[in-house]
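Here come two complexes built around subunit A, the first alongside subunit B, the second alongside subunit C.
And then the complex of A and B:
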């Protein structure tokens, strides 16, 4: 089992490397598509079925098509023959490598406990809040018997209704902004 | 793979995305690298959602996908505007503000 996890992680990392390092933007886009499918499989393995479906439908189905249209619109042989790396590539490489080694070392050595933080905070705050946190946890345990998309929809439409509506406003504004920017006379 | 492995994978995607944003000259590849950063954040959310049996991380990932879609729409609008003005998808072509 551990072998399969490492294989999946290596696949996602290789796809990400392909996005950053390949010369042709179409190879980058297809590599990112494969990486998104790998991330979708990872979400499935982490029991996040709804997010996995959204990842594949929205990313692999929607966003990647947008990017491929962008590639089709701008890609040319002349562009591919020019230098692909910015002059700041090497400084950026060493900066990111240092960040990865320093932060990655700390992340790898840190231990993440399975105790939900809400209970920990409630215990610190007092008995009254601890009781309400425990009812919330019990409710969550009852909900855990339901299927994942049902749980996510309950959370999305009950606890996160206002952010959900705000996201619809954000998407409308993004579409209007995209059309406005791409118009003939800017 | 435990949570620290997943967090490390997300951080690797984040680092590669930052490197791509900083080092590539093609605007499309810069946008694709930004998507890598989003994917790294999403892996973190879902990993902790699984660890703590808490759905908030998954709901946040749904919002993250919505934000990424908005970013893609605006980014492609910018790409088309840049290509129309400069006839190039090179980020260095947009240097009109440089003094």
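And then the complex of A and C:
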């Protein structure tokens, strides 16, 4: 699994580089599409099937199509002749490098690990707590066995209903704003 | 291989032999059976896709008081073979202006999504083997089911966009933009009509949706009549068929695959027919009860003769899907092509509000009547 992850991560990173470094906007868009699909597979590996499907449906199948259509209408010859990196390039590179190092450091020191944290805590506490840890693990397994869409819907429509609805209102406002800005006369 | 495992256990053999038998078993269940299912399914789907073209041309012939292809083989049954051979042997041309990589990638993008969706279709009740195991008539019986089909088929559009753009010629570019906006316009009503069925069935899994219809005692075409209508119309538009065949317009309009020839064109062609079969199969399981045998108590039959019920189920499913395939040809023979602005108006102004209202309607129906 770790091998697969490294392979995927390298693929996604290569796609991301392709998006930034490519001169042709269409190549950028196609790299972005490949990157989206790679992230989708990554979600599948993490057993978040619903998120993977949503990723493919919304990002790869929806947003990328709009991107590609937008890119097709741009004058790619003029873009090719435009210099895309300016004197900010080097400072930006070092700033981003620093950001990545800091983020990597935080991630490395964080609680996110491959093994379930419950078990680690139990092992640290001693053998007498192992039984309770095992029941906790069994509970987690039961949760994992429950269908993936159901978990997501419980989170969205029960636990986080108000933030979810607020986000939908925000999106509607954004759409209306976009229409208002884009359309000269209504 | 389970027999091997058992005999190894009976003889009280060495642990190593037992372990080897276990490994066999695991390999068979994780790699062997799924692979076998995939091969059988692909072969079946490809055959159907090849012969649906023949079916369509013969039917169109009947509709138009002529014979249709009847020269190659008995009843013209070898016509698909001849067509395939012709496509394979034709010269494969990549235009000078084309972007070679994307030009070659585009047919693949059209081809794969069309066939991937079949993986989650549940074809019949599980087959019971003598050793007491049950093999589902499905390659991947996942929770996501229909959602996966929607997600994967939304990728098919890239074949059209990339194919049109990478040809390096203005007519395919125009054609691909036309098709892209058509497919975007009709993807939303299609998804919304499927959502109505998901609400009724309470699951994404296709076998669950069929089971829900059996439990209700009525196919979802009755409570979801509006959804069915929206699905039919947008499905025809999504597969670029008459009367919404503007992306191709075989004879009159120049489409996104103008610059393609030989088997690369064949890939687009096969993908379109595979999409048509997929849409028919999904419609049959969402609205017409899938492998449910009409007028028969399936549960009782399955309890008495499980394998008979499974086999009959496959035939029922095939018959229901064939109804849709026939419907496709029927409207092709009946309707003229829509104008482009009419097509987009139908999608955005008529179908989308109906589909949205229908989702609310079905939710209320589910809340009050079908609890």
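In this text, the second predicted complex is superposed on the first by the 137 of 186 C-alpha atoms of A that agree within 3 Å, B and C clash if a C-alpha of one lies under 4 Å from a C-alpha of the other, contacts with A are read in each partner's own complex, and residues count from 1 in each chain.
The rule is simple: a contact is a pair of C-beta atoms (placed from the backbone, for glycine too) under 8 Å apart; a residue touches a chain by one contact, two chains touch by 3 or more.
Computed from a prediction, not measured in an experiment: that's the story for all the values here.
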item	value
Which of subunit B and subunit C A:94 touches, first, second, both or neither	neither
First, second, both or neither for A:50, with subunit B first and subunit C second	both
First, second, both or neither for A:3, with subunit B first and subunit C second	neither
Which superposed partner A:60 touches (first subunit B, second subunit C, both, neither)	second
Chain touching more of subunit A, residue-wise (subunit B, subunit C)	B
Contacts of A:110 with subunit B and subunit C, given as first, second, both or neither	first
Partner chain(s) touched by A:162 [first = subunit B, second = subunit C, both, neither]	neither
Touched partner set for A:35, first subunit B, second subunit C, both or neither	first
Touched partner set for A:69, first subunit B, second subunit C, both or neither	both
Those residues of subunit A which subunit B touches in one complex and subunit C touches in the other	50, 54, 62, 66, 69, 148
Parts of subunit B lying in touch with subunit A, wherever the complex brings them together	1-9, 11-13, 15-20, 22-29, 31-33, 35-36, 39, 42-43, 46-56, 58-59, 61-63, 65-74, 76-81, 83-85, 88-92
Subunit C contact footprint on subunit A (complex, rising order)	26, 30, 33, 49-50, 53-54, 56-57, 60-62, 64-66, 68-69, 72, 147-150
Of all residues in subunit A, those that touch subunit B in their complex	2, 5-6, 9, 12-13, 16-17, 19-20, 25, 28-29, 32, 35-36, 39, 42-43, 46-48, 50-51, 54-55, 58-59, 62-63, 66-67, 69-71, 73-75, 79, 82-86, 88-89, 92-93, 95-96, 99-100, 103-104, 107-112, 114-118, 140, 144, 148, 151-152, 155-156, 159-160, 163-164, 167, 170-171, 173-175, 177-182, 184, 186
In the complex, subunit C residues that touch subunit A	99, 102, 142-144, 147-148, 150-152, 154-155, 157-158, 161-162, 165, 173, 177, 180-181, 184, 187, 203-204
